[in-house]
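A short write-up of the structure that comes next.
Chain nomenclature is as follows: A, B, C and D, assigned in order of appearance, with residue numbering initiated at 1 for each chain independently.
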Amino acid sequence: MTDVTETSIATQKIETSRQRQSRVVGILLIALALFVVFVFGMGLSGDATFRLSRPTDPYALPNLVVPAGPFTYVAAALLGFLGARELIRGGTRWTSLSLGFGLAILVFAFLVWATAGKSFSLTGMLQATVVRAMPIALGGLAGVLCERVAVVNIAIEGMLLAGAFTGALIGSLLGGWGGLVAAVLVGGAFGFMLAALVVTYRMDQIVAGVVINLFVLGLTSYVSSQVFSEFRHLNNAPVFRAVKIPLLGDIPVIGPMLFNQNIFVYGALILVALATYYLFHTRSGLRARAVGEHPRAADTLGVDVYRTRYIHVTLGGMVAGFGGAWFTLGSVGRFDENMTGGRGFIGLAAMIFGRWHPVGALMAALVFGFADSLQQKLALLNTPIPSEFLSMAPYIATMIVVAGLIGRARAPAADGKPYVKE
Amino acid sequence: MTTSIGKRELDDAGRALLKRSTRGREDFEDLVVVPVFAVIVALILGALIMLATGVDLPTIGKSFVALGKGSVGSINALSETLTAAIPLVLAGLGLGLGFRAGLFNIGAEGQLLLGGTAAVVFSFTFDGLPFLLLMPLSLLAGAVVGALYASIAGVLKATTGAHEVISTIMLNLISYQILNYLLRQPYIQKEGRSDPISKSVPDAGELPRLLDWIDPNLRVHAGLFLMLAAVAVVWWILFRSKIGFAFRASGENPDAARYAGIKSGLIIVAAMGTAGALAGLAGAAQVLGVLDRASPGFSAGIGFNAIALALLGRSHPVGILIAGLLFGGLEAGGRQMQVDAGVSIDLIAIIQSLIIVFIAAPLLVRAIFPWGFRKSDKAAGGSQ
Amino acid sequence: QVTDTGGIDDNSFNQTAWKGVLDAQEKLGVEGRYLESQAETDYEANVNSLLGGQCDVIFTIGFLLGDATANAAKANPEQKFSIVDFAYDPTIPNVLGQVYATDQAAFLAGYLSAGMSKTGIVGTFGGINIPPVTIFMDGFAAGVGYYNAQKGTSVKVLGWNPESREGLFTNNFESLDDGRAFAQNLYDEGADIVLPVAGPVGLGSAALADELGTEALKIVGVDADLFFTDPEKKHVYLTSIMKRMDSTVYQVIETTMNGNFEGGLIVGTLENGGVGLAPYHDMEAMIPDDLKAEVETIRQGIIDGSIKVGG
Amino acid sequence: MDVELRGITKRFGPVVANDAVNLKIKGGEVLGLLGENGAGKSTLMNVLCGLYHQDEGEILIDGKPVTFAGPGDSIAAGIGMVHQHFMLVPVFTVAENVVLGVEPTGRFDHLDLNTARKQVREINDRYGLEVDPDALIEDLPVGIQQRVEILKVLFRSADVLILDEPTAVLTPQEVEDFFEIVKSLRDAGKAIVFITHKLHEILEISDRISVLRGGRITGQGDPHELTEAQLAEMMVGRPVSFTVDKTPAQPGRPMLEIKDLLMMRDNDEIAVDHVSMTVNSGEVVGIAGVQGNGQTALVEAITGLKHASAGSIVFDGDDITRASVRDRHRRGMAHIPEDRHKSGMIGNFSIAENMVLNSYYDEEYSNGAAVNWPHVAETAAAFCVDFDVRTPSVFLDAGNLSGGNQQKMVVARELERETKLVIAAQPTRGLDVGSIEYIHKRLIQSRDEGDGVLIVSSELDEIMGLSDRILVMFKGRIVAEFDNTGGKADRNAIGLAMAGATKGAAA
């Protein structure tokens, strides 16, 4: 035998992936700093006024007045600092955090720029953010429940729509709570139907989802034009009003956002918390995740894969039905054709954006909600940017974030694959 | 090691391996019985839904007559059916090709919108070119822009692994805004209008109507040939060409494809691009053949219906063609149904979805109607 | 009748026009059919479908059907058409355009709202930025401006800038939830009276007003008298800017049955009753009498031309 | 506890996987179960553990007939199975995997992971398994994953343990440790069914042997009376030769030269640490090493699947460090991948399509932009005949082939063309003796025709039998090199080097 000569340990520096990421983020942050200075900062004057309280609030906060010109320079300096820090001390743990922080600064700088010399109600915008985010969050949560047991649910859109429709119809007949219960049950029924199609009848999951969407859209539109137009009283449900939580609801800014909302907002927040506990801290949650990751392994250990899938997809449908009822019982009390308008698909995006985690899906939904309400405010502020570009900004941002940050996020391993016993 | 492969004489054992299993009753059932059955059952269920919503029996009868009349009952009906099928099939072919390559592209809607807009803009920009140049080039513009737009999702997936479902959903939402913005630009907006609507396609840019010598209202246009050619080309690409083999290989097993030296990134971008080109063509055919201009949301959900279509056609070009004709017929017939019987056209969507369910879940059909069908061996087999 | 994308049961636009057909059915014994457009691509196909249906006259409802109607009319010179909200220039012999000087009625509503606003801020938003929509907003803003000029006040209008012709638009005529969100947005910025000009979308705004209470937010309806067509939320409507499509459609049917159909244009004004301000109904008691009187004076002024609405 | 299988028949469509099988399993005894690929061993055991339901026949426990509706029932009856393919959830921890299905819980269904961890540690200590309960499965080497599988069965206090090819992926040292565990379990009174293709293992560990062929029991016997040759003949139905017949190597010019190669893993750890090595034409070089020591990364670098962080790779005189996979293939490099299911073939493609998976673009198989399918089919048929791939038709999906035939298909694809260098990773993992014999013969044939052959295997016997020269990898480095002309290398020394023993000890 011959000994192999020792090769000396590498002394040259090899860039690790983390360092690479830091470098990219650092450059990006510095570019943003320059952008803020040259696009927002140039010739900016006046104050941006953000109203924090409404006339009716018990504790009036003074308006938040930001001198626009100086602020942009401060924001740019902060961005530059974050960027430089990433470049110089690359590879530390805070890269993602820096990026998130940097984007937040950018958004605020943009707001200040757009509001310079004007004012708008920040509290109103934040409250609207939460409201608009809820159906998306609930849709995303429904998706999480289904995909954690490896059933891809493209049908969230249809389930939302079914919930909205049922809420209006039954709500008109039996009142709000009756409508709500019915919406949840009908959502669950569609979940069960999806489960039956994909688990028992082994239909392709995407096909089944697309079909349910088509079916619900057709059925609800058909009934609404065939029946509701004639019998108006069938489409006139009461609306759940905002319920202010004593004390908490009076906190400025946060109060109206979180503690003066209707049951749908409270319900969604509670459901997200429950789902998180359930999935990651209970026995059934562990089994459900096992079914999503490696159904055969779960099967060999006596976990009933089919039953688990049926249960969770049905639960997901119920959550979506609840979210759908928001459109009618939580908002306008009337059903209208296709009134969910693609929110289910955005919910799906929120689920992926949120890495198949309930809290992640909620956060992602809030980003969409924020963009949505921001855009309405900006239309009032008469910014020189065409409104279309403002509308697409959140979608572009989502793509960038998905590409940059969670490109490698993993879906449950068995996601989308049917499981065949024997 | 050196083994000469070239032209080698096969011995008997080798020739025996070249046998293909013949098509039996199983294929007949899958390809003929189940679909026919699906359509019939879906229509019956549609009738039940009408009954449940208080439509009386004579009206139901009338609506089915109208459905038949409106889809195949006259030259006009056939023309409408084909007109509706053209963009559906074109976009569906692109989606089907993507599915084969393992890409779940939800973005046909956006690719179609931007492709169609590009075709319109190209056509009025180069107004004055002769028909033989302007029309094909306008189509090409649509295809190119559709391909480029789809490639964004492809490139993102190939370079960063961004999930194409999210990026195509986002690209759809972005495309609506781009379109709204473009339609308000003075260069594109129709003169004297304040609403978002584009200038018209010049006559030399239009896909000529094929039957206007019979009746000027017959809308079927030369896009029909485009559609048929696309079916043939996509079939050839998928099942005969080298690139198609690479598409299918990375769709079925990306890992094995990578080991075999197929560059997954390139394939993703190429497949997305091809799919986008077809969706762009669908949009171009729609504006050059039917709409004559671009307006907000002129895609009318074709890109989404095409998903259902591609799935129903099992991502096979011929299947997609047949499914497209079926959907086109239902759409045209549905319109007649609303006029003649006063039944909402939304019923069509219900019938469409039921047909897909029964075709896509043969096990369900067999479970409901156990007689008449072969005992399903497949059901017991499956994976492993 | 071919509807626009709102649908026949939209409680305002399409429904009002359809009411004209229904009235004619009742009184003149004609038969009416309708076809809903699902999307803009349907317009032409839908018009074509009705061509085969042996109609005496085909109504196309909405500005957006302008092109489709013109094409069909040119291809079928025998068929009579009538389009709501579109004026052809030059006119087409077999098409009768019906347009409305809605700004006249909206002017009154603007004046009334300015007088009724407690916060000194009123708001409006539209469906899409097209003339039949913005004409409401123009008139409304002009009415508020007239009030300010008369009273020396500075009531603000949010959501529409008549000069830049930019404003708040939902970009659809469908989403009720948008109607609620947009009204909420305006309310957050201080508006206590909102004019939604977006067909059924306004019903969402009404739902918000219902929830907030009419003290906090009132709605001005458009097209029909929403007090009647939206009876469940009737208490939130300060008034409605009526565009009496039912009456003009009825007239067209009547003249057609009498064999007097002629292409061209009919314009609904305050004077001929083609547009008008709805009664105040439940709000009657809340509105000060002198404000009512002023509105009535202005109405007369507009009719006799002493008050100019546009410009 | 005694278990008896009576007249078990199990069909998959037309395939009769088990045909009236009778089998007895007794407590305190190891039953060795042998058979070719596809003989029906796994199926029979899956019936016993409740995963499949038999079409005919019955199962008796301690003389009483039982029926299992699902695996839950059989687990409750005290039967536990370690499956041929790992049944572990890769993103779960060891503890989560072990308790799955029998989780300790608190109030509100709360998963009590602390108790789980403690229980796992107890069993760990009792049987000397040494597994960290908090490690994520995906971070563990296969040897440890194997132990987790056993932990799972023990955790459910099974009295009957079915071990389906548990040693297929273990190194010699790991196998020895593993046998210690099996023996202690037997001595504790458990009944054990042990399935393997390795005859010496079965002779070493079993108390009784049954042989399956074509779904039937074709032989029974006492390991003390049987020889490997007799067992092989019972399995395959003909005599099998175990030693690879080969002449001494005639090394020629360097075919593959690696200099100072550095490879990083995704987590920025070093996988291959400045390795330099050469493979000459006409010789077989074997790389021995415990899995997880960088062999996979080395193969990925050579075949172009991953790019080197530093160093160079020269193939027959040309620098290919940056060349693409396809380019390397075109230059004459053949690659038999480690995991044929995952990366070697496409189950839903026909055999013909699989045969040209990496050469479809070749002029040979194409007309312009199109693939010449008729020619592909004929060639594939010829390959199948040459390499004894048993199938009724080349148009059948490759996924329908048995494991051995699948591997022969992959080997045929790689070797049936002009090659200069063959990289074979775990070329015979999980195959029966007949297939192994065949594939080994083909690899030696390649060498004799002047190819360089590089074999990576965790199977020390395979390395010893095939290689002319043996390199041992440990922690990303080549730590020792042995000349194996005429099989003269010291098996013990190699084993020690694989385990990371110091040079002094290895020498």
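In this section, a contact is a pair of C-beta atoms (placed from the backbone, for glycine too) under 8 Å apart; a residue touches a chain by one contact, two chains touch by 3 or more.
Being a predicted model, the structure only gives us computed values, none of them experimental.
Participant: Counting C-beta pairs in contact, does B-C beat A-B or the other way around?
Facilitator: Contact tally favours A-B.
Participant: Centroid of subunit B to centroid of subunit C, CA atoms only: how many Å?
Facilitator: That pair's centroid distance is 39 Å.
Participant: If you average the Cα atoms of subunit A and of subunit B to get two centres, how far apart are those centres in Å?
Facilitator: 30
Participant: CA centre of subunit B versus CA centre of subunit D: separation in Å?
Facilitator: 45
Participant: If you average the CA atoms of subunit C and of subunit D, how many Å lie between those two points?
Facilitator: Here the centre of subunit D sits 76 Å away from the centre of subunit C.
Participant: Identify all positions of subunit B at which a residue touches two or more other chains, and write them in rising order.
Facilitator: In subunit B, 180, 344, 380 touch at least two other chains.
Participant: Out of subunit D, which residues touch more than one other chain, so two or more?
Facilitator: Only 12 qualify.
Participant: Would you give the residues of subunit C that are in contact with at least 2 other chains, written as numbers and ranges?
Facilitator: Within subunit C, the residues that touch at least two other chains are 36.
Participant: For this structure, enumerate the chain pairs that meet the touch criterion.
Facilitator: Every pair of chains meeting the touch criterion: A-B, A-C, A-D, B-C, B-D.
Participant: Applying the document's contact rule, which stretches of subunit B touch subunit C when the two form their complex?
Facilitator: 70, 76, 80, 83, 180, 194-196, 216-217, 219, 286, 290-293, 295-301, 332, 335-336, 338-340, 342, 344-345
Participant: Where on subunit C does subunit A make contact in their complex?
Facilitator: These residues of subunit C touch subunit A: 7-9, 36, 158-159, 161, 164, 166-169, 174-177, 179-182, 184-189, 200, 203-204, 207-208, 210-211, 231-232.
Participant: Write out the stretch or stretches of subunit B touching subunit D in their complex.
Facilitator: 1-3, 5-6, 8, 10-11, 13-15, 17-21, 236, 240-243, 245-246, 248-249, 252-253, 255-263, 377, 380-381
Participant: Could you please specify the touching residues of subunit D with respect to subunit A in the complex?
Facilitator: Those residues of subunit D that touch subunit A are 12, 49, 51-53, 70-73, 75, 81, 83, 86-92, 96-97, 100-103, 105, 108-111, 152, 260, 262, 264, 266, 268, 270, 273-276, 309-310, 477-483, 489-490, 493, 503, 506-507.
Participant: Given the complex with subunit A, which residues does subunit B contribute to the contact?
Facilitator: Going by the criterion above, the answer is residues 49, 53-55, 104, 106, 156, 159-163, 165-167, 169-171, 173-174, 177-178, 180-181, 184, 307-308, 311-312, 343-344, 346-354, 356-357, 360-361, 363-364, 367, 380, 382-384.
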